[in-house]
Amino acid sequence: MGLADAFTLICVVAGAVLFLAGTLGLLRFPDTLSRLHALSKADNLGLGLIVLGLMPQQASLMGGAKLVCIWLLAQLSAATASQLIAGIAARRKPQA
Amino acid sequence: MSAAASAAGLLLAAALLAPLALAAGCLSRAFRSRVPGLLWLAPIPALLAAGLLSAGTAIAFPVPFRMTLALDQPGAILLGGAALLWSAAGAYAASYLRGKPGLTGFCVWWLLTLAGSLGVLIVADIAGFYLLFTLASLSAYGLVAHEQTDAARRAGLVYMVLALLGEAFLLFAFVMLAAGQPDPNPLIRDAVAALPGSPMRDGIAVLLMLGFALKMGLIPLHVWLPLAHPAAPMPASAVLSGVLVKAGVIGLIRFLPFESAQPLWGTVLATVGILTAFVGAALGVAQRRPKTILAYSTVSQMGLVAAILGAGLAAGDASAPGLAAYYGLHHTLVKGGLFLAVGVAFASGGAHRVPVLLLTGLLALSLAGLPLTSGALAKLAVKPMLGYGLFSIAVSLAAAGSTMLMLHFIAVMARETADNPAASAPLAETLPFLIVAAASFIIPWWLYPTLSGDPLASAWSLASLWKLVWPMMLGVAIFIGTGRFAGMAGRVPEGDILVLAERQAPRLAHLPAAIERLDGRLRLWPTAGLVLLCLVIWLGGGFLLAA
Amino acid sequence: MSAIALTSASLFGLCGAALVGIGLFCILTHPDLLRRIIGFNILGAGIFLVFGAVARRGAAMGLSGDPVPQAMVITGIVVAFAATALAIALLRRLASLTGSATLEAATPPRSET
Amino acid sequence: MTSAYAATPGGLLLVLAVMLPAAAVLAMLVLGPRRTRVVALATLALGLVVALAIGLELVRSGTALIYVLGNWQPPLGIALRADGLSVMMLAVTAVVMAATGLFARDLFGLDLATADGRLGTSFWTLLMGLWSGLNLVFVSQDLFNLYVALELLTFAAVPLVCLDGRGETMAAALRYLMFALLGSMLYLLGAGLLYGAYGTLDIRLIASASQHGPAMAIALALMIPGLLAKAALFPLHLWLPPAHAGAPAAASAVLSALVIKAPVFLILRLVADIAPPGSAAVAGQVLAVLGAASILFCSIMALRQERLKLMIAYSTVAQIGYLFIVFPLAGVGDGTAPWGTIAWTGGALQLTSHALAKAAMFMAAGIVAEAVGHDRIRDLGGFGRAPPLPPPTFGWAGLSLMGIPPSGGFIAKCLLLTAAAIGGHLWLALTILAGGLLAGGYVFPVMDRALATPAEPLLLRKPIPLRLELVPLVLAVLAVALGFLPLAPFGLLQIGRPDIALAVSP
Amino acid sequence: MSLVFDMALVAGLIALALHVVVTRDGRGAILAFMAFGLLLGIGWARLASVDVALTEAAIGGGLTGMLLLRAQAHLVRHAAHPAALPTDRRRWLVPALSCGLVTLALAAVVLAFPRPAPSLAHQAVASLEATGLGNPVTAVLLAYRAIDTLLEKIVLILALVGVWSLSRDAAWGGASQLRPAIIPEPLVFLARVMPPFGVLIAVYQVWVGADLPGGTFQAGTILAAMALLVMLAGLRLAPQTQSRALRLMLAGGPALFVLVGFLGVAVAQGFLSYPEAIAKPLIVGIEAALTLSIAGTLALLVAGPPDRAPEP
């Protein structure tokens, strides 16, 4: 169990814990905005950690680059999605 | 085969094709107006063929039209009478229907029925027989429902339903008959020869008798006849009663094995025939309209013909078809004449009424078997074949019944035409009537020696005269006896049993309504989906068990 | 053929069978048409999983799965999508024309005038 | 596995039969509305020629036409094979398609607004897609390829139903699409199971497999009902009446005459070629029971319809029943070769004469509805006068449906009855006869209305050109002319069948 | 160990499917179905069929979800409130039992498949080099069973023509209304940033599809998603359905496929067979054209029938 495997294990477990936190946040928080907050923060960081953890496992550099690409795209779509949801929630909140 | 034979074959083919050609002619607008005038011409080739051609001439159509025509003695006899009546009725119809709406349609149906009814008498193969039989039955609907009145439409509906039922019986019988034969479309002769041997012979026999009995109007399948024949216009009624029912007669003649004795089938046919004769006469007496009385008389006479054929079949006597055909010929001419007589009588009044009534009365009594008339000859020719004992007594009693019916007819005719305005029927209608009446006297006399074997003189002998007279005396006695119960007339509606059936109709109507409700439920999405799954499970189970 | 591949293939095969059952149930009983279309997609997913299990069991010659059923599944997915698109277009048009999203009025249409 | 297919010279014709209409769809998409009709009519003519060439080639060579696509032998690749029955189906399809093309050209010609608009272009494109699907169903030998063909058929047929854009037809089209999809999904599942068990989807290779496990039973149990759902046999006919009655005249003619015959053809191939004898016998019995029920039930339903098109649609479901009672009559599954029997010929003849007669009937009904504006049978009194030709068309087509001589339907009924008589299937014989009677029951009232002289004459909404009425009349006359074929089993139908027989060892 | 993960995945799939069927809320069912689609993508990866995983994730999770959401929004506006699952037992018990029976039968058959699984992997790999391709799935799609793929394109085009035929007569040839009333700013931002990536990934997938998992459908779906994103964000108007360029693009792929197919009759051994030497370039060329037409077709299928009058 070389250094790299240990590193991967730690990062991936940390990522998983963050995902768990995000999900707990989703379930527990009262309103949309705070749930959004939990989701976008925790899950993106979790994904980053997992990607980081998997980097050493990759055979080639290209594999690593692709993983980072995945993470960036996930970030981009998560950010936009949460903005949109927040926009709708904000518009609905004054009337509710 | 010499040129004469081929010429004879062509004449035979012309008998069938001439009316079809004329019907096809109606398509062109120019020719359409002249067709009514030519109606009397269409059956002439058939008349010539019946008269001139000797029995046994045959012609086979080229390959795609698989049909062979052949002329034999019963066929020739019936063909002659039928062609003559068709021609006379054609002339009668031309003047009777001139100017009325739907004349062209009537002519087309008339010509198609004509082609079918004549063709059926001379066709020799099974598929051809079924084709022409269907052509005759279905196009006759056009004649029955021609006047578009409610009665005509109801009569047409009943006629069509029972005609299609008859077709179904016959089709199944023909299919079973042809199943055993090597050639897919065998000649009737060969198929019938193999009939006694075939395993399904009882089924075939029953279906054949049902199909042809329905066409001849034997009870209980006679209900359409008293409705259809009066509903049709006068010339059409003459032809329907005179010729169309003969399709059933020729069917029995062709498809029943007279060479080998079949006591079972023979007695069945004979008893049904006798019963029909009695019931026909009894119901006829209770009618008020002349055309309906004649229709019931047809039912009764056909009963007699069936009795003759039944007796012949039971005894295995090969001469029965000839005699039945002879009796049928006489019936064709007399009944056709009577229907035309009714038409002429209704149209004439004053001075002209008496001679027409006299002639009508003579014709009616001839039908009942008055000595010295052709009717007597017909009954005498048939007598020996019926044998002695209970069966011949029953036939004589039937003769008494028909005498009573005819007297009732004459009385009704006299009453109906009493207050006619002084007028005379147009010549174009009286002439055909006279021709048919004359033919009905002359032709049976001319054919009697060849058919019954003994010379003309024997018809005059005292013994034969007595055999005819006592049933008539009995008939007259009964008629006078029942004269007092005049009120009884008119209580039995036309098509007796049918009226009872129609009262049950509402109870029957809820079956289709139940089916419609079931269909409505079946076509809901959840049910259909569930049925699909059940089908999957049913098939799956079946396959697993079979594997 | 490693045992693991066999068992995981059977496992997904069973999952496919279950999804077929669920999909069929949704199609048969759900009155709402949109849900029924989703049911079709679940049924399709189930069927393709059965194909996938078959493909996985056929792994050989260094391949991790028999390519022929996989190709069929790809074609099947696209056809299923086209069917969903057509069904949804019909449903939207039906809703805008008749204002109802259910087909339960299975009475024969009135006479057209 | 030995190489089962040796390509024959005429094989490329099969490819042409399938690819010509498909290419036409692409051409029409590119060329745009104005030239769609020209491309369609050209394709119809070419397709007729190809069908004729295939027929001649089959008769000349006396063996089935085979083509291996891309030269990849099955089981990897796909083979196209046309035996006698397929070629007959191709010919019938080509004839009815050509007739529909001519009819549609005149029908759309009535009001030019729709000719080049949405209705016209969509109709022609979908018609070509329909034709390609039909031809592929008749020639393909691969079960998944047949699935794609069935989907091609469904996707082309469903929009045809709701071309006129009314709410009713939209609901009918959606119900048709969903039930057909359910059917093809079950078929696909069955195909998947067969692939799992035999490693191939080629009909001949599956047929030649010796042992049959439970997979074959369950697969057939899924595929046959799936195809029944698409063929709208009696218990599963919920979508057919509203769909075929609501579709435009030319479309309902093709739908009734051809589209529901493709699943029937496939069931014939599954039961006769693939199913082991035991299962084939069971399938034959079940299908015969459903077929008989369909004949009786739907004929009575047809009797009770007020609308002409609905009556014809129900009559379609009833007549389809005849094709399914052929299985026990032809002795499918009892080891004998069913294609030699007269019942097989009877079934083929019934299929052909029904296709022609039903197309003619729907077109005639379409003309009447177009001319008079409605198709309520009760108020159609005297429709024989307005456009003169629909009544004779209806009459001739009715003759064939009722099985009255000299029509093709009569010969088919005769052959089926004879097979029933010889085989001792009494209740099937009675069903056939009852079917004929009931068919008379719903054809005669219409003829009665045609010949009736109504109190006030029918008012005509639109003048009908004579040419428009000729096409259905020709089809109806063809349906009756079939009656002059020999009563013995067709030689044509047996070409190419025996070598399949070697594979199905009892 | 991986079996446990598979079991969890299967349990998740079945749970989601049940939730989709049972839940009352229409929108919730659609969202659950989208999650189901993505999970299914992972399932396919576990089944070692990566091509299918890509397709399932792209079409199952992506486009179908979008289609359903737009339809649900339209139905809420136009149709009455959708009815829920029938509650009284008689209505759903028998269907449930019969579906259960079918599932059991299927499960039995799946478990009873012959032990040495019959497979075509041998023949596929053996004749791979004749096609010049590395990825056997693409070889099956574009060489061995090329007719299926070609006709499946025709099916797509027929579906499109079917969807177009549902438009009003006045709107025939026009464009479909995709732009929402108010366009949120982040969507515009995404529509500006994402497409280049999308196109890049799509091209990469087409190019790599010949040898590694990838292919026309997956690339086409991504391109369609990008096009829809741009149109939804209002950056570009939906194309006129009557425009010749659009129709050429739509029919270009299959038309090229048919041409090359018939070319095979002259040059190679028959219809849809490629001459050995230039097999790979031909196939990749066809794939490129196909990708474009698939992208167009899928995008227009999601966009729906035209509802604006065509400008000349």
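Per-chain residue numbering starts at 1, and chain names A, B, C, D and E are given in the order in which the chains are listed.
Note that in this section a contact is a pair of C-beta atoms (placed from the backbone, for glycine too) under 8 Å apart; a residue touches a chain by one contact, two chains touch by 3 or more.
For clarity, every value in this text was computed on a predicted model and none was experimentally measured.
Farthest from chain D, judged by the mean position of CA atoms in each chain, is A.
The most central chain, judged by C-alpha centres against the centre of all protein C-alpha atoms, is D.
Using the average of C-alpha coordinates as each chain's centre, B ends up farthest from chain E.
Centre-to-centre separation of chain A and chain C, using mean CA positions: 31 Å. One inter-chain figure worth recording: chain A and chain B are separated by 96 Å, centre to centre, where each centre is the mean of the chain's CA atoms.
Centre-to-centre separation of chain B and chain E, using mean CA positions: 72 Å. Listed for chain D are residues 76, 144, 148, 151, 155, 158-159, 162, 165, 170, 175, 178, 182, 189, 193, 196, 199, 214, 218, 221, 238, 241, each touching two or more other chains.
Across the assembly, chain C contributes 20, 24, 27-29, 50, 53-54, 57-58, 68, 72, 75, 79, 82-83, 86, 90-91, 93, 103, 106 as residues in contact with two or more other chains. In chain E, the residues that reach two or more other chains under the touch definition are 91, 95, 99, 102, 105-106, 110, 113, 117-120, 124, 144-145, 148, 152, 155, 159, 162, 166. Touching pairs of chains, sorted by label, consist of A-E, B-C, B-D, B-E, C-D, C-E, D-E.
Residues of chain C touching chain B in their complex: 24, 27-29, 103-104, 106-107. Touching chain E in their complex are the following residues of chain A: 73, 76-77, 79-80, 83-84, 87-88. Across the complex, chain D meets chain C through its residues 76, 144, 147-148, 151, 154-155, 158-159, 162, 165-168, 170-175, 177-178, 181-182, 185, 188-189, 192-193, 195-196, 199, 238, 241-242, 245-246, 305-307, 310, 369, 373-376. Within the complex formed with chain C, the residues of chain B that make contact are 520, 523-526, 529-530, 533. Residues of chain B that touch chain E in their complex: 526, 529-530, 533-534, 536-537, 540.
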